[in-house]
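We call the chains A, B, C and D, going by the order they appear; numbering starts again at 1 in every chain.
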Amino acid sequence: MSESASAAAIGFARRWLLPRSVLSGMLCVLAAFAIGALLIAAIGRDPVLAYLSLFEASLGSTNGLAETAIRTVPLAFCGIGIALAFRAGVFNVGAEGQLFIGGVAAAWMGLQLGGQPQWLVLPAMALAAAVAGAGWSAIAGVLKLKFRADELITTIMLNYIAIYFVGYLLHGPLQDPGSPLARTARLAAEARLPMLLEGTRLHAGLLLVVVVAIVAQVFLWRSVAGFRLRAVGHNARAAENTGMNVKAALWTGFLICGALSGLAGFSEVAGVQRRMIENLSPGFGYTAIIVALLGQTNPLGVLAAAVLFAALQIGSTTMESAAGVPSALTTVIQALVVLLLIGQNALPRLFRRRAVTGS
Amino acid sequence: KIAMILPGPITDNDWNSVGYNGLEAAGKALGAEVAYVENVTDADAERLLRDFAERGYKLIFAHSFSFGDAALNAAEDFPDTTFMAGTAAELAPNLGTYSNPDYQGAYLAGMLAAGTSKTGSVGWVGGMPAPNMLANLHAYEAGAKEVKPEIKVLHTFIGSWFDPPKAKEAAIAQVEQGADVLSAQGVGVIDAAITKKVFALGAMTDQNHLGPEAVLTSVTWDLGPLVTAVGQAVIDGTWKSENWSYGVAANSVGLADFHGLDKNVDPAVLKAVEDKIAAIKAGTFEVPLDTSEVQ
Amino acid sequence: MEWLADPVLAGFIAASVRLSIPILLAALGGMFAEKSGVLNIGLEGMMLIGCFTGFITVHFSGNLWLGAGVAVLIGAIAGLGLAFYAVTLRSNQVVVGIAFNLLMLGVSAYFFRLAFGSGTASPRITPFAPIDFGPLGQIPILGPLLFQHDPLTYLSLALVLGGWLVMQRSTIGLSIKAVGEHPEAAETLGLDPIAIRYAAVAVSGALAGLGGAFLSISATGVFLDNMTAGRGYIALAILILGRRHPFGVLVAALLFGAAEALQLRAQLLPSGVPLQFLIMLPYVLTIVVLAVSATRSGAPAALGQPYEKGGG
Amino acid sequence: MRNIRVAFGPVVANDDVSFAVEPGEIHALLGENGAGKTTLMRALAGLIQPQAGSIEIGGQPVTIDGPLEARRLGIGMVHQHFMLVPTLTVAENIALGLKEVRTWFPRLDQLADEIDALGARYGLAVDARALAGELSVASQQRVEIVKALYRGAKILVLDEPTAVLTPQEAAALFPVLRALAAAGTAIVFISHKLNEVMAVTDRITVLRRGKVAGSLRTAETEPREIARMMVGGEVTLPQLEGMPVAGRPLLEVDRLGLTDARGVRRLEGVSLSVGAGEIVAVAGVDGNGQQELAEAIVGLQRPDTGRVLIDGVEMTHRPVAERIAAGLAHIPEDRHRTAIFEKLSVTDNAVAEEAGRPRFARWGLRRQGETRAFAAQLVADYDVRLGSVEQAIGSLSGGNQQKVVLGRALSRDPRLVVAVQPTRGLDIGATAFLQSQLLKRRAAGAAVLLISTELDEVLALADRIVVLFKGQVTGVVARADFSVEKLGLLMAGRTA
């Protein structure tokens, strides 16, 4: 398989757009739903009603599509960041913590700049979020590059630390004056992302993430820096031998992931919550790991995987409210979709091998 | 049609169970169709509120202090739907709030704890320092101090809502520091009381079955009357946007049966508690509400 | 020397041990998987399913040991499921692990509701009780460290010793290490890397399952959704901190447990340190220890790399 | 083995191959890179199943369905890439998979004694208690042989055993092989070095493109004929001609000292210089600091004392990129680890060093057309055999990978070439080609530092030879004074 941009685009199209693979992907989703249907029936609920409401809530209505798009934004931001880090050989699973840090930085900046024009406030907030997220990620970077501490572990630990640290800020210095709740004051109108669609909550973060996905795709497959990033990820020693700056590529991996996850925090704060809250993310940063890898660590693929996951998550909670399916079951169905999808990716390869080496 | 979104699992024997039970009770009482979603995160809250509103639910409860914003936003877009948010700061014409008055019960629990303690130290274990938890803690402490001004009240926040093993360890640490009556604001504390052979005060529901020898009594909170009343008001068209509070005075918050363990409590204190309940009901005493941060 | 017998110190030591056991078991399991070359991110899910099945078995049978046994069995089966993906299908081990955790989270909560309904009065079982060693338990330091615990704790410590025997002293351990370092070489010598990896991941699931069961049938007597609360991920850190060696893992788990126990006690003192900083102590400590102690992490050469029969 | 056929998808690695080896015989299996030697032997060792053909052992038809069955039949194979687990001891490596070793508390001490005894019997000194990963390459080789013997090998296959050995080590291996043969073992010996084949084998079978090209008695043939049979044409190895025209020094190494990560002193006070139009060779037994020297010059390791100057500019602590910009090209020893990105395309590998140059990039974006054209040119110029330049380089044979590395290094007209073991494991054709390319660079006025353990290669190509022993220079010999004896002494650490 070639790794050039055009071939990647073909690969992407083949994976996501051509009927055959979409068909088999759909089959997986259907199979997961079929198993889910049995479980739903087992507790005496109506699977048909459940799935109708799932579809309706995620893809079958304007509002559903908008909600799916809203959920796509943080998943795709984090997922693309994680994907680029993985490409550089950096196993950064700290998106969750970076998102929280980015969110709190965005809210802080938004409150500082209250009253300034929107064209100034929003970019400043985004910048603050990206810088803060990258800075948080840089802690893991320093630990890895200076102390050789495994980033898979340090980033998990840093997630906990970030969340508690944000908790401290929201209970302390940044707490909304006059409120006992752990949250910042509400952001002024200039500090909120514009809405895209009347009657829905869809905000401009979607445009931002689509742009980011396209830029990331071009960066990864067409730019020299992206090439070096991939090369370092494949073989750091050879990269060094060919004069590439290995540390720079690893830092890129850490910082991009942190910055994009920080932007996820920004878009949640400025687009959805309109302030920083203690539970900003229900595990976006962790789900994004699955999203990144299901998307083959290809920015556009990640975007597609994020849409799939967003639709699934949106739809499945509605399934709970509309058809009385316990949320536990919707979690099961999500996991089954992932497992069947990766199984479907692997199985044909397995059979092909068998056919060749078999005597 | 009444709906509710809850921040945690309805099986928690705690906050979420109370919400769920209240909803069920109101559903039965009013003959209303009810629906709920559990384990709702702040990120999902607004969407689910809108979702319920869109699907024709006329009364929707956002059963968490952190859903206030979400409810406010949803209320704006669905003026014909009535929203009720748990301890919301800002209200709208179609958004009311209801408070969690279990701190009133906590005051009584504090009195009982002080009246039971032999060591002069009592404990309190909670999940996260949220306003209702802080109110509960401060009231508990005030209640204890009313009975024994010199009493020491130990408190620990374990840093998450649901982590029974950790809550148990936190409680054990308090016992080792001398506490011999524990207020259990989370699963696990009663386990510690059983292991360490001290008393625990249950919360939200009668938790005596979790430790028949250890659970002195529980501060119960029954949301049924409130949900039912709100529902009735909506049906009647008499609903008003205000703070609905059903506490001790409305028999929504109270103490569960002692299951025979009241012999361990100083009779004078038992009497004082009963008087206090009467005073609250009569309106001659108001339990102080204090949600300031600790430390 | 007064402080040696101080009850607060004794309580602290005993609590450190109790808090460390679940993570210890999961990390020990993780060691088997990783030594054989499979990254088991699914420890969290395996703990949770063990926590649930252990609880429910004890609830319906009343037999604590049966509960532990079922947790081990179900954990092992979950391990085999993960191995099917990681070894046979050669899928990305991180995605598979995370997906498994998601699955177990859903499955345990769903079946809990199926078994007990959505009502309020959730059941409680009587957990393992500490064994009474009489005066032995009163020995300063050693008493709370060794003689105040329940049978499952001693089983866990025995498993550390067993893990050491298997890993460092037996032919089985040799084969596992060979498969993790150089599966191709192992295959040329007639070992079956695939089968060995399956077995190692199953063992890791079994141990994680037991670690999870410890939470529900030893540490407490209840089960709650997502009761493991991230301990499976902590175990991954402990595993690396302990350099994938049974004794190293034991020390690292104890250290983490001690930090947790300390944190819970520090909250009771008027220290003026914000609460959140105390709560994050164990995590910060883990990072610091990792940073000062990590030279090379010494991961098996083939860790995370799927193996294809007949050479890669 | 009769009429064996093995195909990997469209690639037919063995086509109707028949091959026989008798007890007590040392049988050479020869052929160019990719001719199918390794594949044939892997089929014998039960690691792959042939699609057609039959195998007989001692006259009995057998089916070898796995390594265990192969072992039962007395087949032992020493693989081209060693099959040792580096983190285990020698004894543990040998114990792996042995049924005879107890499951609990294996008798490793007893095993170690047996291994030592077995080693002593055939003159294969191994330390059974040492970690395999810490042994020298030659010792690992011996361990592999002992491992096969301990498992009762009656048929011993050695796949390019000498490719990684020094001449002395290789020479030391031959008596062992003879002793084994004398004891009745049948030995298959795969090598690209015809002199060794002539010296040690009894019979020769040559494969060409998966088919048997011929089989003959060693005594009745000569290298030229074998080579012809292998490639199907004439080949002669190039030889240095003409006097050195040494111009200004392009590489100066000044009292270099280096300590490795484990704290071992690898280089001490090494000084040398290479002038324009000169080939300086660094000779020495493997592991005497050659790799460290090369890496310090290239910038992959940081020396702690001394200086490195490229074209008069101090580069001791400068990044690799600056050295490349100053005209350095590196052909590293360990291709897979240091030179190539196996999963990236041939194109990407070909431009890895220059991807950021204006020729290949504009505004930070890569210029696809230019890049691909360059790769196509390189493939043509250096005779790389492949399907498409967009193929992953890892799917090329080792020899062809090496050609891409060579092309990448030389196509930008470097002024200084550092080549480390550039012909290791290559067949004659590829070796001749590579050596002629180095000579071409010399003629074009570049400085070439050739680091090699192959004495023949060094003697044929170098203007001067610097000998390293234990990280120190034990002597510098000019071309006029070349002699094998002299070099041998210097390599053994005796300063003349």
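In this section, a contact is a pair of C-beta atoms (placed from the backbone, for glycine too) under 8 Å apart; a residue touches a chain by one contact, two chains touch by 3 or more.
Just so it is clear, the structure is predicted and the values come from calculations on it, not from any experiment.
The interface with the greater number of C-beta contacts, when A-C is set against C-D, is A-C.
Each chain gets one centre point, the mean of its Cα atoms, and the points for subunit A and subunit C are 29 Å apart.
Computed centre separation for the pair subunit A/subunit D is 46 angstrom, with centres defined by C-alpha atoms.
With each centre defined as the average position of its C-alpha atoms, the distance from subunit A to subunit B rounds to 35 Å. In subunit D, the residues touching two or more other chains are 48. Annotation for subunit B: residues touching 2 or more other chains are 39, 129, 159.
Chain contacts: subunit C has residues 109, 112-113, 118, 225, 274-276, 279, 310 touching two or more partner chains. Each chain pair that touches appears in this list: A-B, A-C, A-D, B-C, C-D. Of all residues in subunit B, those touching subunit C in their complex are 9-13, 17, 20-21, 39, 129, 154-160, 162-166, 168-170, 172-174, 176-177, 187-188, 191, 205, 209-211, 294-295. Of all residues in subunit C, those touching subunit B in their complex are 7-8, 11-12, 15, 18-19, 22, 109, 112-113, 116, 118-122, 124, 127, 215, 219-222, 224-227, 229, 260-261, 264-265, 267-268, 270-276, 279. Interface residues of subunit A facing subunit B in the complex, by the touch rule stated above, are 57, 63, 67, 70, 164, 167, 171-172, 179-183, 186, 199, 201, 268, 272-275, 277-282, 284, 314, 317-318, 320-322, 324, 326-327. Within the complex formed with subunit C, the residues of subunit D that make contact are 42, 45, 47-48, 66-68, 71, 77, 79, 82-88, 92-93, 95-98, 101-106.
Interface of subunit A with subunit C (complex): residues 39, 42-43, 91, 93, 143, 147-150, 152-154, 156-158, 160-161, 164-165, 167-168, 171-172, 286, 289-290, 293-294, 326-336, 338-339, 342-343, 345-347, 349-350, 353, 357.
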